[in-house]
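Each of the two complexes below includes chain A, the first together with chain B, the second together with chain C.
Coming up: the complex of A and B.
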């Protein structure tokens, strides 16, 4: 029996169950936790099976059809990392949440897990669209889950922009279908090379990548993201920051690596240069905007714009080392941002501090939390031996191999800027305490209608954040095993490199 | 290509022309209209335009409904199925968008973007929400 469809069916079925248990909140909460734990186990087993199989990949065509006609689901090394990450992150945030959430919230969280897992395993560009939108609907609703008008406005804007992005992606799928007559990823990869100069295919590439770029929140398509992250309840923003953009960037990776293959980028240098420019612009703009923020959550949100620019650039370099770096950075950024957003929420729950100013003297008031924020911040900068370092290192190494010195310069520049905004926070937490700063450091009452200043739903969370920090270091040390795991999935980059 | 040729091509492909026109209208509403409900309508127009594009691509001169009792050639049924799925996605999104508009109206008493911005700004001054 192939268990692959269960990766999607279990959480979506669970969402229905949670809704059905609606009136009994405790049973709904317990059922949701049990299903998430089950999903972690299922994902781990399937990931191990996929990595251990021939070619490092397992696939299954749903409903007794055969590929390329049926809907194919596939799990390879990169997808394996994503399907394990998704339920683990949601489960971790749940354990760190103190507030009791209604059954509908559980249902949305499970729907999100189902959608994200679906994007990870979809081997069909239309199915990918459907899961992208399931993810989207759950994410929009979750942003507004804390109540309040400000969050509703942010969720509405997120919905409008996200839907336009997804619709552009769907339009791109339509162009590809008209050009090739197929939707299956492997089948598309086989048919597209003969059509690389067709306007339909170039338009298809432009529409799918721009659509996904909106979902990833690459500059200048990022405007929805800081508001959504900053106004969502703290537990939701941790999940969104760790998973939603990550999985959209993963979909971008699938489109570049598996559908069009890097050979397309080599065949159309103008498209590649344009896309690379957007990605690098995102790195610089995101970093500069992050330095300018006064609220910690917004700072971390803009930092994501920059980090995903780096991930996208890594895939566009058409270099196997850089692509590997991109995958590691994708994973590493997800882990680090998960930890940081949970930590920032826990700090708000404990001290009420939400701005960089209010973090003054945090090392005295909440020493463990301050230490964890500082440690994860340095991971974000890319201090060895953490996963943040490993990702940037391989991207930079690949850029050097490809002779893309502009990319190397941008990576170095963005690292300095990352250091600038992390150091600003660390200085506030550990620096000397002027009287003025002490006064400012006192939490202010929450008078805002939105969730931005509302009490945090998170609890102390220090164990959860410490666990994430440990994982960030462990992944950095285990980068060799990750390479063995994802190497088969990066083969198209190696092939394109040889043919260059 | 002379203007007459172009007119001929566009006339024969009128469904694609319609898709571009409707999609542009949709994007215009989403971007330029201050009313949140009209933005949702614009979103629906954009999605419908894409559905029209899919279905037009499936058409075939002289094609019949793809049922084996009909004579070939058949129109391609797959894009229709895709559109059916995409319509379901669109309906869910519209429902959620309207629910959010209801909450925005309940909180701020307006669904006009410019007045909403004023209300959010005054909130920010009172509540210490910055940048």
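Coming up: the complex of A and C.
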């Protein structure tokens, strides 16, 4: 029996169950937790099976129709990382949450897990769109869960921009269908090479990548993202920051690696240069904007804009090493941002501090939290031997191999840009600044209203964050085993390199 | 050669464990101090246990896994690493005792963080010393930056924060250059593992790429080695507590930069290839400029620690110059100077710290009469300063002798002249300190507002029973006459070390330095005198 469809069916069915239990909040909460735990177990088993199978990949066609016509689901090494990450992150945030959440919230969270897992396993560009929309709808609603005017505005903006992005992607899919007559990923990959110079295909690439770029929040399509992250409740923003953009970037990886294949980028150097420029611009702009923020959550949000620029650049380099670095950085960034957003929420819950200035002297008020924020910040900078370093190393090595010296410079320089905003925070936390700290006093939770200042739904969360920090360091040391796991999925890069 | 050597693992593990132990016993100062001392003694013993083997030509290798594909996370202790590790652990033990006296004497805040970060810094330094390849070295090089940051900003003042920001910006920028160089080396040569006389794979690399790799690596390591114009972080970092300035900013941190340069010249490129690529002369010129310029700047510094910092900048450039000359005698002198400068400069810093604890004096112009009040301390200062200037029978003489022999043998008269001029400048910037301390009276100079009693502080029989210093600090409890033995003891040991190195340079350090040079005669230009 192939259990692959269960990866999507279980959380979506769970969402329905949570809604059905609507009146009894406690039962709904318990059921949601149980389903998430089950999903983690299921994803782990399936991931192990996929990685262990021939070719490192398993697939399943839903409903008995054969491949090009039926809806195909597939799980390879990269998808395996994503399907395990998604429910684990949501479960971790749940355990760190102290606020009581209504059954509808549980249903949305499970729907989100279903949508994200669906994107991970979709082997058909239209199915991918469907799951992107499911993810989006759940995410829009969750952003609004904070209540208040600002959250509503941010959620509405997110909805409009997100829908535009999804629509652009769908338009691109339509072009591809017109050009090739198929929606299946493997089928597209077989038929597209003959049509690389067709304007329809080039337009299809532009529309799908721009659409996904909106979802990933690459500069200059990022404007929705900081507002959405900053105004969402802390538990929601942790999940969004760790998963939603990550999975959109994963979809970008699928489109580049499997649908168009890197050979397309070699055949259309103008498109590749343009896309690389946008990605590198995202690194620079995101970092500069992050340095300028006064609120910690917004700073971290802009940091994501920069880090995803790096990931996108890695996929566009047409180099296997760089693509592997991109996958590692994608995973590493998700883990680090998960930890940071949970930690930031926990700090807000404990001390009410939400701005960089309010973090002054945090090391004395919440030493464990400050240390964890510092450690995760250094991971983001890429201090070895953490996962942040491993990702950067492989992307940079790939860029050197590809002879893309400009990319090398931006990647290495981005270390210093990341340092600029991380050091700003660390300096505040550890520099007691006696007189200034005295003047500020102990910041209390602001009472001037506004969703951004709302009390955090998170609890102390130090165990959860410590666990994440541990994973961030362990992943950096275990990068060799990740390499073996995802290598089969990166074959198209190796093939394109040979043809270079 | 053994596959898994215990000693290097123990040496790195002890200070690492000490970090946790210090944190756990943070509410019990004496236990916390005990951990530091035990870890320091243990690490020194572990390094010491490798010495006979190292001198006999053995190396100690450990492979701890894979860092990234193709690059192992590996250690290999050779004579060069042993020299650096012995220096760092030996002086850590001395500084630990001193730290206890210093922190008590000044009533320093956040002592747990201080001792924990100190132990972490030493662990990272040993990692740098033992690393078997450039990437492993880089890992610890970056961790060293992270571990020392809290020490630089320890005071928590605006000035400390600014210094810390500058420190991070400079050293991380240097780290990026090292990473870029490592990346290119791995790509061009296919390996980053050190090999005596140079990495073979570089032979097939294009000279342009090899030059870029060299420049990136030397510039990156040059930041911590404070090679001008990359030195500006070092004088600012003097805002740190004095033992930090002493051990980290005269021994561990700056010498990890020098050590990186030495590895690049000796074990990545090899002297012959450095010379073939025409990289030796530019590096030597940069080092010479640093030697002279930093000495001149030191003349004008009134704050004692800043004067010492510029002296460090100048003295570190001796080592770079010696390595860049590529003559065996010059390289020998350079490597020996790593140890000699460590002992002498630590002595100077520890003296400056003791004077600060006792009299709250930080400026040279306020030091009149300090020599009479603290004769042993300032005596040690004078001895170490004389060693810096290269007076015979002191550590500095041996290293400068070899440097001069190497410079003249390789025909670089400009370098000989610069070395001699620097010796004169050394006297010029150290003599005023000694003169003011011993031969001026407080009445002759500006009053020292923080000093109490006729001879100042708590000296002599006139010392008051209860003293509270003007800034609210708690005065040290004097066990000896001039200051606490916890301060005086380490000063005398470090100064004794500087003298011993001058009297018998070939006891340990010179032999290690000799063993660290490539044995193959063809790998070096010129011959030993």
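We take it that the second predicted complex is superposed on the first by the 492 of 500 C-alpha atoms of A that agree within 3 Å, B and C clash if a C-alpha of one lies under 4 Å from a C-alpha of the other, contacts with A are read in each partner's own complex, and residues count from 1 in each chain.
Note that a contact is a pair of C-beta atoms (placed from the backbone, for glycine too) under 8 Å apart; a residue touches a chain by one contact, two chains touch by 3 or more.
Computed from a predicted structure; not experimentally measured.
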For this session: Name the contact category of A:413: first (chain B only), second (chain C only), both, or neither.
Result: second
For this session: May I ask you to decide whether A:203 touches chain B, chain C, both, or neither, giving the answer as first, second, both or neither?
Result: neither
Exercise. Who wins on chain A residues touched, chain B or chain C?
Worked result: B
Exercise. Thinking of the overlay built on chain A, is A:126 touched by chain B (first), by chain C (second), by both, or by neither?
Worked result: first
For this session: Could you tell me if A:430 is touching chain B, chain C, both of them or neither one (first, second, both, neither)?
Result: second
Exercise. Where does A:393 make contact in the superposed view: on chain B (first), on chain C (second), on both, or on neither?
Worked result: second
Exercise. Counting only touches as set out at the top, which of chain B and chain C does A:164 meet: first, second, both, neither?
Worked result: first
Exercise. Looking at the overlay, what does A:473 touch: chain B (first), chain C (second), both, or neither?
Worked result: neither
For this session: Mind working out whether A:384 is in touch with chain B, chain C, both or neither, as first, second, both or neither?
Result: second
Exercise. For chain A, which residues lie in the overlap of the chain B contacts and the chain C contacts?
Worked result: none
Seminar exercise, completed: chain A residues touching chain C in their complex are 378, 381, 383-385, 389-390, 393-394, 396-397, 400-401, 408, 412-413, 415-416, 419, 423, 426-427, 430-434, 477, 479-480, 483
Exercise. Quick one: in the complex, what on chain B touches chain A?
Worked result: 27, 30, 36, 39-40, 43, 46-47, 50, 53-54, 57, 79, 82, 85-86, 89, 92-93, 96-97, 100-101, 103-104, 106-108, 116, 120, 123-124, 126-131
Exercise. Which positions of chain A touch chain B when the two form their complex?
Worked result: 126, 129-130, 133, 136-137, 140-141, 144, 148-150, 152-153, 155-156, 159-160, 163-164, 167, 170-171, 174, 177-178, 292-295, 298, 355, 444, 446-450, 452-453
Problem set entry | Residue numbers on chain C that touch chain A, as the complex places them | 65-69, 73, 135, 138-139, 142-143, 146, 149-150, 153, 156-158, 160-161, 164-165, 168-169, 172-173, 175-176, 179-180, 183-184, 186-187
